[in-house]
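See the structures that follow.
Shared between the two complexes below is subunit A, which has subunit B as its partner in the first and subunit C in the second.
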Partner chain A sequence: MMIAALNLLAMLVLGAWLAATFDRMAPALWGGRARGPLAALADGAAMLTRPATGTEKPDAMLRIGAPLLYLVLAAVGLAVVPIGPAGALIESPVGIVIWGSCEALIVIAVFMHGWAPNSPFPLIGAYRYAAIALPVMLPSMFVLIAAAIPAESLSVTAIVESQREVWNVVRQPLGLPLFVLVGLTLTLRGPMDYADGLDLAGGTSAEQGGRGRALWQMARLAMLVAFSGMAAAVFLGGPLGPVLPGPVWLWLKTALIMAVVVVLGQAVGRTPPANMLKLLWVFGLPISFLHLVAAGALALW
Partner chain B sequence: MGVNLVSLARRAPVSVYPCIGPEMLPAVEALWQARGIRLSATPRDAEILLVAGEIPDDARPALDRVHDQVPPPRAVHHWAGDGDPHDALVALRDRLARGEGLSPDRQPDEPPNEWRGKGDNGQGGKGMMGGVPYGRPMAMTDDDLRDGLALDAYSAQFGPFAPMLPPGLVLDLTLQGDVIVKAAVAAPPFPQPPEASRPAACAARLLRLLGLDGPAARVAAGRSPNAFFAVRAVPAGLGAAAPGADIRSRLRGWLADEPGTYQAPDPAQMLPGLEWHEAVLTLASYTPDALRLACLAAAEGRAA
Partner chain C sequence: MNASIIVLILVAVYTGWRVFQADSMVRATFALLVSFIAVAGIGVILSVPYIGVATVFMMAVEMMVMAIFMVAFMMNSAGLNPMSMVHQEKPAMAAGLLTWLGLSAAVLTSRLPDNPVPADNRAVRDLGIELLGDSMLTFETGGVALLATMVGAVILSSRRGRYGPADEGAQPPGLMAGGAPAGRRPEEGGGHHHGHGGHDMGGGEMGGHDMGGHGSGSEAGGEDMHAGHDMGGQDMDGGHGTGGASMADARPNMTGHEAHGGMEPGSAATGGADADDPHRAHRTAGTGGTSQQGHGAMGHSAPGAGEDARQEHGPADDPDSHRGDKRR
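Let's turn to the complex of A and B:
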């Protein structure tokens, strides 16, 4: 139990560093400068040592509570994924329900973060994110339930076991792309970053510098690790693979998903929120529902 | 440990918040690609305030307000746009670390005006809402433009150094949520040199507002953006000055290196009804010069 907990912590910290490094290498794809493995640590240290000022009458409890909640949700979400040799830290028969509730609570964490500074841009970011994240949660549930059908279980470990012959990414080809859209939303990235974009001077983070900002960025990265681990387990067979030990396979697949999310986050444009809302309800939701129906039909057949 | 953190932090780019004066937009935009400098989206996340060019007197109070939002100990670097400011900024950061070169608060840490109390709690509005207590605008319910829901309306001034608006432009806006319901131009954008209106520079500016920093850097260097959902991220018909002349077509033209001869409408007329992100894209879809001319013409029209 203790070892599994330490393993989870190590994966979150190392994974966050890897994700931050991917973020700093990706500009090379567009001819920019790739920064090396120390860059993420240097940026983190710079943020931690930089002073911070507060706004007038902030909500001090929410200001610290928002990033902490976000971090805890990342940890709890990853805890149901079988990352260690002995499986998941929380071997729950309803693993994807636990993950789903973490997803839903992220909306609360981001809203708290936007509410706390008592300032207009962060608050607009908070409301905008809530409006967009809500319809994203529904495809997420459809996609995860579809993955649970062949496993006949809501446990993530059982979903991994159900992929011994064929991975879900092959059996349910729409699942992973839809889930990556969810991942971009959960980690406030690129096309789904309606919370912290440049058009709002940094949105929910607009009034934040120093350690508070470092904690928030860390939480975003940790959530990317948790999401990528979940996606690797549900769609890429998690720890299943030849020769190498299971945890190594899970790590490699998690890193692959992480890289994909980082690149898409920097390569796909962000449409205005009203347009995204329309796209999500008119296309995203029906497509994910059809995906669920197809998965069900395939299982019965 | 503490020492190690500090020496590690020195390897990070210098974080600056730029306040862009007249004729300085191209020089500052070139810093997006500069080595060892990071343009911050907010003064709260900067260590040095980069004052580019001569800031006109009208904009000085705003400059002082932005200055005081850079967390102390802070420093100010005045830059005339000549040469690479990197070395000077790094030297300034090192001096800051030694406790030298500090720039103290320019404004007193007190409310913008006196207590003008009204209502049970002296807040200035009705009940617990609205009014301008201590000079701070508070939200108050108001009729809605779109669906009749009486949402909170919030009036405030935006600019002249906001990172998503053309430098110099000051807007008096009333927002309901993120919808602009009323707009007035308090000051036009600063004049900028012709390079600021180059198609590549204009396209890169728009792409950054779509979250596409990498592709924007490519476009600024005269290459194709290599992005997905870049032009199509802008909804068709948004910001249409005339039929077929929407933001999307202007961006497409700029990406094809066509300057286009677009006349900008008066922002006070074009912004109401738009959501914040749409409004920001609409403003960035005109060259800074076209926008300045439109603001000046509208002001002249009002004077006449």
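Let's turn to the complex of A and C:
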């Protein structure tokens, strides 16, 4: 228990730093300027020292509540990921449903963050995000249920165990790509960043500076760690692997998913929300449903 | 365990009370969400993990949708003015009290089971067999049929829209009498709506006009004709360009032609005059156009004619060029 708690803390803090560093190194892939491992820390420190900005009649409780909720959701989401044979910090027979609840509450957290400042751009970001993120919940649900079918359990530990022979990324090839789409939405990145996009001058963060902004960014990075840990557990076998101890495998796989999400987030452009909504309902939903049907058929066969 | 249940009950009651104290719809909704989550936590502690956790995500999504709709439909959604969140207080109090008394009585008077179910007892399966037996397939088929009926009912009831049948291209009325349809137009077929908003709309409305306002302009001749053009200049020039070629073609082409409508009334007039000769109309309208983008969209043979086009405008503005109208 103690080890799992320490691992959770270390993964959140170090993982957030690693994600921020990936963010600063990724531009090198397309000829941009890469920045070193200290740049993320310097940027964070600079953000902390900047003064907080205020707006007229903000909803102060939601304003501080939104980043805190986002951060807590990242911690809870990561806590259901098993770090080894001993299981997870929150070992539950319905671990995957706990993760799903965290996903649904993320939409609330982001909406709160956009609502609280009482300002147009954050509010538009909040509405856009809610409109996009709610239909993204459906592929997420189908993908996770499909992963639970071979395990015959909703427990994440059981899902990891079910991948001892073959990983879900092989058995259910559509699962990971669809889940990465969900991850981009949950972490407000690139093609799915309808909340904090530059086209809205920062969206839900447009009116925030100083410590509040730093907390929000930290929560986003922590959420990337939590999502990557979950994706590693559900599709890449989590702590399963030869030679190295379980937690190390989980860290490596988490870092790999994190790098993929960071690169996709920076390399893929964002389409207008109306297009994305259409894509999600007309293509995303049927594809994820077919994925679920295929997983079920494979399990029966 | 008992302590945490008591804490969760207190949280649920407190946040439930806050729902009616908050001014802001969003705060009220999220307070209700916290109340539900506290109840879900009680469920988890009382060993119904699935129902407890599922309550959280169902309520999260529901409250999100509810917050959006309440903000959309309430007049004072953000709590910027003081507002009472309660109405019909006395009947509501009476109903709440009665419900509470009834539930409490049910809990206190019923004999709760005290023999634990063995772990290998397949209680859920037995319950399912007991409820449905062999009719599971019938039940599921009925469910899908009901869903299809619901979708069909929505489709049928939404066909008759506010401005006419939805499947026949219902359009709202114009802002002025006979004007272009109000509201945003869907982007189809290229959609080069670059800056000439007025022209585009004219194109849509006149849609290959048969000498509508334009014909009268040329009959008036001389000075008045220009007036006529100016009048049309806002609404119709795009339409002239359109009239040139898209009359015979499909409407979606229009957007491409609109770009040719150009700024100059004269050129547009020429385009309109040759409505029955699409090729010529292309040419005249095209050279009259001042927009490279328009040329590209058309894919016709007057690329880079920007400067020349301006010079050719002169004659186009002459009354002579409008003889075409009369000829037609």
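Simple rule for what comes next: the second predicted complex is superposed on the first by the 299 of 301 C-alpha atoms of A that agree within 3 Å, B and C clash if a C-alpha of one lies under 4 Å from a C-alpha of the other, contacts with A are read in each partner's own complex, and residues count from 1 in each chain.
Note that a contact is a pair of C-beta atoms (placed from the backbone, for glycine too) under 8 Å apart; a residue touches a chain by one contact, two chains touch by 3 or more.
All values derive from a computational prediction rather than experimental measurement.
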* Asked: In the superposed arrangement, which partner chain does A:198 touch: subunit B (first), subunit C (second), both, or neither?
  -> first
* To do: Considering only touches as defined above, state whether A:97 meets subunit B (first), subunit C (second), both or neither.
  => second
* Asked: Who does A:253 touch here: subunit B (first), subunit C (second), both, or neither?
  -> neither
* **Contacts of A:127 with subunit B and subunit C, given as first, second, both or neither** => both
* Which of subunit B and subunit C A:41 touches, first, second, both or neither -> first
* After lining up the shared chain so the two structures overlap, which partner does A:24 touch, if you call subunit B first and subunit C second: first, second, both or neither? -> neither
* For A:53, is the partner it touches subunit B (first), subunit C (second), both, or none of the two (neither)? -> first
* **Of subunit B and subunit C, the chain that contacts the larger number of subunit A residues** => B
* Is A:63 touching the first partner subunit B, the second partner subunit C, both, or neither of them? -> neither
* To do: Across the two complexes, find the residues of subunit A that touch subunit B and also touch subunit C.
  => 127
* **subunit A-facing residues of subunit C, complex** => 24, 26-27, 30, 33, 49-50, 53-54, 56-58, 60-61, 63-65, 67-68, 78, 80
* To do: Would you mind writing out the residues of subunit B in touch with subunit A in their complex?
  => 5-6, 8-13, 15, 33, 35, 41-42, 44-47, 69, 71-73, 136, 154, 156, 162-164, 175, 177-178, 207-215, 217-218, 221, 223, 226-230, 232-235, 238, 275-278, 280-281
* Complex interface listing, subunit A residues touching subunit C -> 57, 59, 61-62, 92-94, 97-98, 100-101, 103-105, 107-108, 111-112, 115, 118, 127, 130, 134, 137, 154
* Residues of subunit A touching subunit B in their complex? -> 26-27, 29-33, 38-39, 41-43, 45-46, 48-53, 56, 120, 124, 127-128, 190-191, 193, 197-202, 205-210, 213, 264, 266-275
